[in-house]
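Next up, some structures in structure tokens.
The following pair of complexes shares a single chain, chain A, combined with chain B in the former and chain C in the latter.
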Partner chain A sequence: MSKRKFSVVNQPLRKIDAMSLALGKPSYVGDLKPADALVIKMLGSPHAHARITSIDVSAAEAMPGVKAVLHHGNVPRIVHTTAGQGYPEPSPYDTFMFDNKVRFVGDRVAAVAAESEKIAKAALKAIRVEYEVLEPVFRIQDAMKDGAPVIHDEPEAKAVIPVPYDKDRNMAAKVDMEIGDFERGMAEADETIDYPFYNHYAQHCPIEPHVSMAWLDREDRIIITTSTQVPFHCRRIVAQTLGIPVQRIRVIKPRIGGGFGAKQEIILEDVVAMMALRTRRPVYWEYTREEEFVAARTRHPMLMRLRMGAKRDGTITAVGLDATSNTGWNGSQGLTVVCNSGSKMLPLYKCDHIHFLGMAVYTNLPAGGAYRGYGATQSAFAYESAMDEMAEKIGMDPLEFRSRNHIRSGDTSPVFRALGEGREGVDQAITSCELARCIKAGAKAIGWRKRKPHTEKTGRYRRGIGMACLMQGSAIPEIDMGAATLKMNEDGSFNLLMGATDLGTGSDTVLAQIAAEQLGTRLDKIIVYSSDTDMTPFDVGAYASSTTYLSGQAVLDVARKVRKQILQVGADMLDCSVRELTIADGVVMRKDGSEQVTFSEIALHSMYSANQFQIGDISSKIVHHSPPPFAAHFADVEVDTMTGQVRVIKYVAAADCGTPIHPRLAEGQVEGAVMNGICYALTEEYLFNPQGRMTNGNFGDYKLYTTSDLPEMETILVPSYEKTGPYGAKSIAEIGINGPLPAIANAIYNACGVRLRSGPFTAEKIWRSLQAGGEIPFEEGH
Partner chain B sequence: MKEITFTLNGEVRTFRIEPDETLIDLLRRNQLTGTKRGCDTGMCGSCAVIMDGRAVNACILYAFQVEGRTIETIEGVGDFDRPHPLQTALADAGAVQCGFCTPGMVMTAKALLDQQPNATETEIKKHLDGNLCRCTGYVKILDAVIQCAAPGTEEEAS
Partner chain C sequence: MNYIDFTIPQTLTEARDALKALGPEGMPVAGSTLHVFLRDEAPKVAVDLRQLGLNRIDAEADGFVVGATATVTDMDEYAAPGWVLDRVACEFVTQPIRNMATIGGSIVRVFPWSDWPVPLLALDAQLVITGDDERTMGSSEFFAVQPFHHLHPGDLLTAVQVPALRTGEGFGYFKERRTSTDFSRCTVAVWLQLAQHKIAAVRVAIGAATPMPRRMPAIESALTGARPGPDAFTQAVQAGLDEARWKGLHGISDDYARHLASVRIVDALTAAWTEAKGNTE
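Up next, the complex of A and B:
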């Protein structure tokens, strides 16, 4: 429970940019495009794996209106990663602006900048390319075989931190960890299970596709305006890729039309920067929806093997998780996503003997990247499905089995230290955990008590209830840093300048609330500017569920410093000591109420009257813990046993995010993540032809849920107080997406006895499983 | 180049257009950027505008097709000093996360409520189902639109 009364934090205020966005004011990259901007279009590879033996762009270059054509023969060849991560990056360097080899259908071959989209498209058709077609490889199992085609055979590809990397065997990353003695734990068990699972391809589908533009300012600096979650990483990686100083680049992030991790990548910015240099004109590049599916990033598909041992009393004696991801044509976020498959689920239940093996494997398919849930989505499916299967084996109610074993306040887990993000993690004890209350509240809302086993169900339509428990993290401890600048204006308003990157979550509002609460003023007195590498201090950006917890601490700290300055000026003006003063609603007053000065009077005084100085400061914060949010999810489904069609009737998500700084936005994070998880579980999938070309890269054939598909949704925020977080807050953005796969799989089993180990849970898959008596073997999709 | 004339946000306007230019391109190059491009294939609803009272996707409408018609875009719906009730409701409900789908949602919902001020929850869900949102799970968007529909009255009473 919240331990304090707040006046701005934890209040249902309007999101600060909500009205301007609802009015349709120019806000996003595409709205800010200069009228004279050149349009960039990219020629994509028709082959999944091929070497470019010759390229002739002369006809394209000669076309009227074409201003530049870029390809591997006329740009710097500098190896880098597209992953927008801390430096040095845990992702391998295996990407070039353009290469003489293509590694997936849609890979960059040549880019045209022209006076119009029409001219650019025509120019693409005039480019002559000859390929030596190579054997492609699409499946994880095939890519790992001896003699498999080597996707990164270029000498430059390398890991830049000391981690296993074997490009000759298509291995982009590997991590192996054991706690206790896994085999001994399995031997001590009364019951054991050993099951495979597969998580399929999916895309974030931000409604605004990737979009960037660039121009040269009067000092010849490159100004990049881009839809990014990581403006500072973007600046660093673009400088690296072009071989120019960071100093020459400014990255501006306006409003973002959704990211969900997809925009934690440097996908367009190197080319727009290069084109601006080459043409000396403003240039603009926006992905089509099909390019967004194919050439942006995806959720890493993963093959999993989950082994578990338990005693009949409900003690878990051993857990083994092997997770191998298909990282696609590059290794972006490959290591860290698979690490998180272990680190974000394995601490959830107490167990002395744990083994985790994670790998990332190159193939000739679209590249995985950061996607909300970041590996935990994948392992939650395996682990939480297995929890139900084990509960059945030992004859225990699955809710009871989870309740006996889940981590609680005061507990720790050796997994926290053993597994970090590409390196060792950090010890931590759980200091806020209301998972037990989440389970209780969710179970009540779904009607868990009336749940019966599937064997007691008859008839064509069968209802079933399933659950899943979840945890995530809040920022990457000892690695990520956030900073904020706060300065006071003469009317008592404040500029809050942050590198923290609001990608639509509402973090600008949440962080302004934290500042206003600490300063003792109203939310509308805070003018937020985020993010701009020239104007705002550094922040790693919006990922790893970090902004509220990490950047929030920087904001809280800078607001504390500024509050002190305000009190000091107030004390000077009222000729008393700071100790005699207090602040409420933008006014500094004597505690006895006898005298007061307003923030405006204080600011005017400090600017114009005596001992003049700018009231303001800067703070940076790293975090030493990554307190997990927790959640219990429940799904009530109906299966039509004649057709196999499954329908989610009701979905309940109960979540503990510490103090919800903005309850309505926190609910919105849960609802959006859950809905994304539900359509990932039921309808979203990539279809590829045998040559590796995606055949359903549009919103007609790739099905997202709409208002007509919506089940009844109930979101329950169960507050705790995380003492290391700003005003008790932890994260909430990612965790919600991890529940629907396992909760719905468990509900389908409870309805009709069908156990699904790969998504999406299509009618066909369920119908065939019913015909087969409960389960069909799955194939690794591609 | 061809000239077309139509009523745009209450004003009769004439534009020179390319024969294959879409309405969204025409609007956006004339600084009406509130109409968003999400898919360019008529499948996400971000570019919804109101044509003669009906919500349509501007990305799959040729500009020449609006000759003589009445088009309303988000810029004509409201402003800071006089927001449309739907805009206020969406903002207050927490229904605007990234906001990229919001103008399209406003236009689609407005087209319905202009015709059917008492639209039911079921009608609203059906009507909005061509508008994709990836942030909100639709929960708070529906809350806001339902709140703007006048409570079911005379027809439903007794």
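Up next, the complex of A and C:
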């Protein structure tokens, strides 16, 4: 529960950028495109796996209006990862700006910069390429076979941290962890289950696709304005890829039209930077929607095997999770995503014997990457489906089974230490957990008590209720770092400079609220600037549910320092001690109310009158814990047993995110994530032809819900107070997406007895399962 | 589409003259919502039909005359006894597209998933084409081929005549899709007339699950004169499914398309029967 009353924090204030965005003021990369910018277009590979035996760009280069053509023959060959992660990255180095080999349909072959898009497209057609077509491999099981085609046969590919990596067997990552004795735990069980699951491809579908531009300033530095979640990682990786010093690059992040993890990758920036160098002109590159689907990043599809043992009294004796991801043509985030499949779900229920095996496997399909939920989405489906199945086996209500076993405040889990992000994790005890109250509130809202087993249901249309419990994390402990600079102006306003990246989440507002609360001023007195690698302090960026918890701590810390300085100057001005003073609403006053000075007077005094200095400071923070947010989700669905069509009637998400700094934004995060998850469960899927070409890479065929498809949704924020977080806050951005897949799967089972182990839950799949008596075997998607 | 110019005629004659003069380069346009699906790269001159006064919906003795540039929103908002196309209009994509899309544009060029041909086939609508003289064509003939092939240079589809639903008649319509903005995977429309508790006449039309929208005459024949009911509907549909070629769109199998159609035709027959029973003097 919240322990304090706040004046700015925990208030639903107007977003600081609301008016400018509502008025359509130039905010995004596309709005800022210089009139004379060259347009970049990319020639994509027609083959899933091939070696480029020759490339002739002379005709393209000779075309009027074409200013540069890049390909593997005229750029530096520097191996790197596209994953925007801390250095050294846990993702393998397996990517080049351009390579003489293509590894998926749409892979980079050559880029053209031209005076117009029309000219650039015409130039692409003029490029002559000859390929030696190689055997492709699309499925995880096929890629792992002896003698399978080797996707990364180049000598440079390597892991840069000491982790298992075997490119000759298409293995991009592997982690194997056991706590206790898994087999003994299974043997002690009264009931056991052993089921496969498959999570399908999906894309983030940000409204704004990947878009970047670059130009050279008068000092010949490369200025990159880009839609990124990770401006500092972007600067470092672009410098590495071009073989130039970081010093020569400045990365500016304007407003972003959504990222959801997709923009935690360096996908366009290396090419726009190189094109700016080659042409000495501003250059602009924006992905088409089809490129966004194919050449950006996706959710890692995963094959899973979930084994569980339990006693009839509800004690879980063993849990085993094997998770193997299809990481596609590169291994970006492959290790850490699959680690998260274990680390973000396995601590949820108490169990002494746990085994986790995670692998990431290369194939010739689009690459996986960071995507909201980051591996936990995949394992939540398997684990939470299995919880229902085990509850049925031992004859216990699934809500009760979860309630008996879930982690609580004061508990710890050996999984926290055993599994980190590509390395060993960090011991931690749970210091805030209101999952029990989430379950209770959600169950009441959905009407759990009226729930009956599917065997008691008849008729064509059958209703069912399902649930899922969830946890995530808040930043990556002992790895991620955020920083903030705060300085005071003459009128008592403040500049808050942050490397933290608002990608549409509202984090600029949330972080400004934290600063304003600590300073004792109003939100509109905080001028936020984020992020610009020349101007703002370092921050790892927006990922791992870190911004409020991690960057918020940096903001809180710097605001504390500045508050001290304000009080000290105020004390000098009022000729008293700091202890005699208090701050409220931009005024420093004696506690007895006898005298006061305004922030403006304090700033003017410190700048112009005595002991002159600018009130301001900088703080950097890393975190030592990753306190999980918790949630209980409930779905009420109706299945048409004649067609298999499933309709979500109502969805309830009860979440514990600590203190919601901005309750409306927190609710928005939950609702957005739930919608995101419902689409993933019901409609989103990649369709490929036998050659590995995606056939539905557009919003006409790849279906997302719109607001007109919204079911009744109820979001319940169940407050707790996380003492390690800023004003008691934890994260909220990712956890919500993990619930719909298992909650809806469990609801469908409760409605009609069909157990679905692979998504999406299409009408045809449900109808076929009904025809087959409740379950059909699934195939790994492709 | 590659538009290089446009013209906005004020009369039907001006529009026809412009199209005649332009020949293949002329492209009649109204709402333009389907142009995203056209892949013709040849230069075109757009001839805007929206100023011709063809956007009215008028009730006449036997039914309604819908002007070719009446928008889907016009049809959604129109209300009169026996008018049923509002049930189709409200299922048509999204409100912004309903505001722009016209009935004429929606049926002159037909895609497998097109919504409008299916109810117009079931209602036996008549299509009015204005050329050097005016001619009327039944919907079965009109949709037997790509409709624009019926139009000679300078011809324009100017109106759709839709019968009103009368006493003893019912109409059923279903559109199966994943989301509200999705293309249809199976569209079914049924018009049914009862007389003395038997089916005096019935028309069954289907789209999206078949390569092109079409009637289902075997099902219609099996039901004509029959006593309506769930068993009769199911038997007739199962017996008549083989007359069509079934084609799944957007990731669904042909088998499932056939199954979905069989369920939804029965649903539409049931809905039409229910309405017909209640639609008494």
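Quick notes on this one:
Operating definition for what follows: the second predicted complex is superposed on the first by the 782 of 782 C-alpha atoms of A that agree within 3 Å, B and C clash if a C-alpha of one lies under 4 Å from a C-alpha of the other, contacts with A are read in each partner's own complex, and residues count from 1 in each chain.
Everything that follows uses one rule, which is that a contact is a pair of C-beta atoms (placed from the backbone, for glycine too) under 8 Å apart; a residue touches a chain by one contact, two chains touch by 3 or more.
If you're wondering where the values come from, they're calculated on a predicted model, not measured in any experiment.
Of the two partner chains placed by superposition, only chain B is touched by A:17; chain C is not. Once the two complexes are laid over each other on the shared chain, residue contacts for A:7 go to neither chain B nor chain C.
The wider contact with chain A, measured as residues touched, comes from B rather than the other of chain B and chain C. In the superposition on chain A, A:700 contacts both chain B and chain C. Of the two partner chains placed around the shared chain by superposition, chain B is the only one that A:31 touches, whereas chain C remains out of contact.
Once the two complexes are laid over each other on the shared chain, residue contacts for A:682 go to chain C alone; chain B is not touched.
Of the two partner chains placed by the overlay, only chain B lies in contact with A:671; chain C stays clear of it. When the two complexes are overlaid on their common chain A, residue A:643 makes contact with chain C while staying clear of chain B. Using the contact criterion defined above for the overlaid structures, shared-chain residue A:620 touches neither chain B nor chain C, since it reaches no partner.
By the document's definition of touching, of the two partners only chain B reaches A:258; chain C does not.
700, 704-706, 708-709 are the residues of chain A that lie in the contact sets of both chain B and chain C, per the superposition on chain A.
Listing the residues of chain A that touch chain B in their complex gives 12, 14-15, 17-28, 30-31, 35, 204-209, 255-260, 286, 288-289, 503-506, 664-665, 667-668, 671-676, 698-700, 704-710, 713, 715. Across the complex, chain C is touched by residues 642-643, 645, 682-683, 685, 687, 696, 700-701, 703-706, 708-709, 762-764, 767-768 of chain A.
Interface of chain C with chain A (complex): residues 94, 176, 178-183, 250-253, 256, 259-260, 263-264. Residues of chain B touching chain A in their complex: 28-29, 31, 33-41, 43-44, 46, 73-75, 77-80, 83, 86-88, 90-103, 106, 124-126, 128-142.
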